[in-house]
Structures are given as structure tokens and as C-alpha cells.
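Look for chain A in each of the two complexes below; its partner is chain B in the first and chain C in the second.
On to the complex of A and B.
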């Protein structure tokens, strides 16, 4: 294995992604967790770039930066910020079981992917992939695409209807 | 030149070349920011019938911004006791870094560009969205109600106006068939500038861009007479300067983007091709910056409820209608 720029970039991105994930689980304040999540998502976008899927990377950043900001807003509005709510830790037995579970999962994944050999098919997926995604989305996958848009629209209308109902009730009470 | 560098093998030499180029770009942008602040104050002064800066650095106050920056650098760095310290420190960095990152993809002339991305326009929008996270973090970390209100407003406003911003450009993308900023400029060389082909998109984009930049008439996030200063109320010294810097670098980037998308980038007017592309770009770019400053001098701030209604009920439908119209025109007339 040689120390190429790609390897270096992948290692640093992967490290940031994993550290972000671990911090997300370990931090106690909601806002800190969300910030850790930002780092994870952005470094995953970086890994997409390394795989020459730049369209996917850009969309990842675009969607998640908006989504994370909204999540942050809800985190600020819906949680308490006084810090002194440390959860009780589980017993020794529970920790041991947890460790075994983690090790088992790690081993399963390791043996699962260590010898995995994808036949490297020469393809042109990395060239003009925005165009390719567009073409296959609007020719081959047109029906699922349209169905998704209808479902999203239904969800949007549903959310508005639910939110409206609350408003009217409050209006009546006043 | 950059293309060869990007394809060459990685190494310390390569890294240092990129590093030096990036530092040069940073200094060019810092130079622009000092001049832009001066220009803003001068133009505002002119429009309000006063002189503006006129003492430091000669009659035109050329060194006024430099003196201001030096003052900011040597100022005491205050962190409020009740603030969330790590977030308070990292927030200006997260707000500023994306503003410099977006510069990578903007072509200043046909040769002067860092990264010729296939998804150049989307890259700009995506990366600039990260700044909102920094602003909201700053608002929350300050532990101050005005800051939090400012951060909330900034988030709501920037997320809402991002949508018409992207939608308005879709017309151009339809006509060009590419998201690559170089190809968008090349298409304007063949058919004429997109401000002529897409006037509706231009108006929507310009309004949404002003809102994205948090400038008057959309500066609710930092409305000084309601919120003290919004999300950066508690910041001082160099950290505050980072927020201001991010704002002006975005002004640079957004003006450059408008120039590239709608005004033909570095392309000359007919019969004036002997003037180099860089000069054309600078002229168009300065015009856009001047219009932004002009807006600031002449428009009153709009109300918070009107702000959201305007984005969702006016700009978005107009942008969608523009996409529809463009698709019809492309299908029936440009085949």
C-alpha cells in the first residue's frame, strides 16, 4: 500500500466522519451533537467526491446543511439547556454484553467485507454523472420518481393540514 | 494550468503550489474586502449627501478600512462568562470557511479558475448553505436572547431564499444543458447574455441573492435597531471581524456568480473584444457590487412576516413559472 494523496484524503475524511459519529453519541448537549453530525455528513460528502460522485456529494451537503439547521432549531426550541440531566449508567453486566455485541458486530463486518471482491467492470459512470443520473431518472426510473414526488407532496399537504388545525384551536381559545 | 496541476501526482511540491495559490487568492479577496467596505461607505456617503471616510490615507480615505482592521485585530477578545465556550470559538470559523471555499469554483476569466467542477453552480449553493450552521451556532452559543433571535431569523431567511435562488437558475441550466459555470459562460458567448434570455430569472435571482447576503432590505438577522446586532452581538475583536469578513467575501462571490450566470462573465460587448476579459469581468462585477450598495442606501427593511411570505408566495411561484416558460420556449422555438 502506497501513501498516495487519495489514501491520505480518505483516511482524514474517514477519521473525521468516525470521530463525528462517536462525539454525536457521547456529547450531552443537543447542539453539540448536531455540530458533530455536521462534521460527519460533510466528511461523507468528501468521500463521495473521492469516489468521483460529485453530484451526490454536493446534494448531500445541500440537503443536510438545511436539514441540520432545521434540526438545530428544533433542538433549541424543544429541549432544556440546563445541563444537569446526567443519565444513570448501566451495570457491569450490561456493559460487558455491550462490549461483546460491539466486538461481534465488528468481527462480522470484518469477515464479511475482508475478502469481498467486486469484479472491477470498466464503466463510464464517473464521466458526466449529473447527466447520466438525469437521463436514467427520467427514462428508466420515471414511475418511481413521479410516485416519490406525489408521496412527498401528500406529506407536505398533510403537514400543513395538521399544523393548520392547531392554529384554529388556539384561535378559538383566545 | 490548474488543470495540469489537478491531474499531476500528489506530492509535497504539488501541495505547496496549491497552498501558495490559495493564499494569494485569500489576499486578493482580503484586498477586495477592504476596498469594498471603503466603497460602501463612500457610496452611502455620496447618496446621503456627506463625504464618507476622508481623513486616513489621503483625501479619499484609502487607508480607512486598513486602520479599522488593525483596530479590530488589537482589540480585546471577549468571551461572555455564560457563553458555550467551544461553540462560541468555532462558530466564526464555520461561518467564514465556506465563504472562501465557494471561491474555488468561480471562473474569473477563461484561464483564471481553481476548480472546473461539473456541478459548479450546485457546489456554490451547497457550500454556502453551511454558513447558516455557523450563524445559528453563534446565536445559540452567545447565550443572549438577541443573538438567538438573530440566529433564528438568519436560519429561516437563508433556508427560505435558497429555494428561489436555485429555482431561478434552473432556466439557465435548461438552456445551457450544464451546471458547469464555464459552459454557462460559453453558452452566453454563442447566444447572448442570459440577462436578455432570462430577465425574470435575473430579477428573482438578484432579490434572493440580496436576501442570502443578509443585506438591506433583507438584513433582519442583524437589524441593529431591533436586535442590537443579531447573532454577533456578543462577539468582539477578531471573531467579530470573521463574521464581517464572511459577509463581504460572500458579497464578492455572489457578485461574481451573478456576473458569470447572467452578465456573460468575461465576455466582451460586441466590437470591444480588444479589451481583455479580466477587465470586462471587473467592470461587470463592480457594477453588480455598486447596485448592491445602492440597494442598501435606498430600500427600507421589510418586516419579518412579509419576508417569509415574499419568498414562498411570490418568488418561488415566479421562479417555477419561469422554469415552465423556459422549458416551453426550449421545446418549441430552440429545437
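On to the complex of A and C.
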């Protein structure tokens, strides 16, 4: 493993991503957790650039760092959060068991991937990346692409119906 | 050809997935659980893009799959937050332990 610019870029981006994730677990205020996760999302976009997926990096910044974060912030601001909830009894034991389970899962998967190495095949993903995605999307994956629009339409209409205030019933309750 | 081995990318995705899994299982706040699930989806997308470049058969297909997965994740967040707001309107709580209406 030689020390090159790509290596340094990967290490710094991975460090920021993992730090964002750890902060997500450790911070106490909900808003701070979401802001910590923005760092993770942006550095994952940088990782995509390293993997010659420039279009996907831009999409990641737009969808995750932009739209999903803002929607989460709206969800937080529309609900009330008590500053700090008291730890229930047996919470520590449960957390410890879950931590052991997750670490065991991580170790099992890491055992499978740590010496994984494929023969490097020269590829042309980095030239005209967006054009390649467009050609592939509209030649091989045209039916899933159209179905995605149906999914988005159904999900957004369903979200509006679920979150809408019921005027007449609301008047009865309050 | 590349100075970063493929296992490094996979290990990064594994670490992020484990963080998301732990957060989704332990956190009490429903918004944070949703965010942890997003983190897990992101880790899976890193895997897809990594194999699309360094896999046995590199092609653009992995990136297209990651695009579809991002679109579905966005729809999932919209529906999840709508359910959360609807639940909050009925129960006045976002604590995941108190959302047990199906038990009775």
C-alpha cells in the first residue's frame, strides 16, 4: 500500500464518516445528531467521487445532505422532545448485549472481507459517467425507472394523506 | 492500479452499517431510529458502488442500482416521517417504547 493522494483522501473521508456516525450515537440533543450525520453523508459523497461515481456523489449531496436532512429536521421540530429521558432499569444490560451482538456481526463479516481482492480490471467508469448512467438507465432499466416514478408518487401521496390534519375530527377532540 | 484496496471500502461500509444497526436497536427516539436506518442504506450503497468499480466484472450497473436504492430510501423517509407525525398527533410522544398500540 503506497502513500498516494487517493489513499490520503480515502482515509480522511472515512475518518470523517466514522466520526459522524459515532457522534450520532453519543450526542444527546436530537438536532445535533442530525447535524453530525450530515458530515457522514457529505464524506460518503466524497467516497463516491473516489470510486468514479461523480453523478451519484452529486445525487447523494442533493438527496441525503439536502432533502432527507431537512425532512428529518422538520420531523424533529414538529414533535416535542424531552431533553433527556431517564434510563430504564436493565437498559445497560440490554445495551451491552446488543453491542456484543453487533460487534459479533461486524467481526463475522470482517472475517469474510478482510483479504478480499479481485483482479483489477481496467474500466471506463470515470469517462462520461453521467452519459453512461443515462444510456444504461434508458436502455436496460427503463421499466424499473418508470416504476420508480410510480413508487415516488404513491409514497408522497400516502405521506400527505397520513400527515394531513383531519379538520372535522380535530375540531371534535379539542 | 489503485492504492486503496477494495477491502478498505468494504470495511468502511461495514463500520457504518454496524453504527446504524446499533443506533436503530438502542435509540429511544423514533426520528433517530429512522436516521440510523438511512445510515445503513448508505453503507449498502457504498458496497454497490465499490463492486461496480472494483468487482470481478466492473460495469455501470452498480451505480444504477445505487440510484434506485436512493430513490426508494427517499420514499421510505417520506412515509416514515408521515407515520411518525400521525402517531405523535395521537399519542403525544416520539418514544419508541410507548408505541405499542398493536399489543392490546
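Following the convention adopted for this analysis, the second predicted complex is superposed on the first by the 130 of 174 C-alpha atoms of A that agree within 3 Å, B and C clash if a C-alpha of one lies under 4 Å from a C-alpha of the other, contacts with A are read in each partner's own complex, and residues count from 1 in each chain.
In this text, a contact is a pair of C-beta atoms (placed from the backbone, for glycine too) under 8 Å apart; a residue touches a chain by one contact, two chains touch by 3 or more.
The structure displayed is predicted, hence computed values, not measured ones.
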- prompt: Looking at chain A, which partner touches more of its residues: chain C or chain B?
  reply: C
- request: Look at A:66 in the shared chain and tell me whether it touches chain B only, chain C only, both, or neither; answer first, second, both or neither.
  value: first
- request: Quick one: classify A:35 as touching chain B (first), chain C (second), both or neither.
  value: first
Query: Is A:58 touching the first partner chain B, the second partner chain C, both, or neither of them?
result: first
- prompt: Which partner does A:163 contact after superposing on A: first (chain B), second (chain C), both, neither?
  reply: second
- request: For A:76, select first, second, both or neither according to whether it touches chain B, chain C, the two together, or no partner.
  value: both
- line: Interface residues of chain A shared by chain B and chain C, listed 4, 6, 55, 59, 68, 72, 76, 129
Message: List the residues on chain A that touch chain C in their complex, please.
response: 1-4, 6-7, 10, 14, 17-18, 21-22, 24-25, 30, 33-34, 37, 40-41, 44, 47-48, 50-53, 55-56, 59-60, 63-64, 67-68, 71-72, 74-76, 78-81, 85, 88, 94-95, 98-99, 102-103, 105-106, 109-110, 113-123, 125, 129, 132-133, 136-137, 140-141, 144, 148, 151-152, 155-156, 158-160, 162-163, 165
Message: Help me check something: in the complex, which residues belonging to chain B touch chain A?
response: 9-11, 14, 84, 86-87, 90, 94, 117-119, 122-123, 125-127, 129-130, 132-133, 136-137, 140-141, 148, 152, 155, 159, 162, 179
Residues of chain C touching chain A in the complex: 1-12, 14-16, 18-23, 25-26, 28-29, 31-32, 34-36, 38-39, 42, 45-46, 49-50, 52-61, 63-64, 66-68, 70-79, 81-86, 88-89, 92, 94-95, 97
Message: Could you list, by residue number, the parts of chain A that touch chain B in their complex?
response: 4-6, 8, 29, 31-32, 35, 38, 42, 54-55, 58-59, 61-62, 65-66, 68-70, 72-73, 76, 128-130
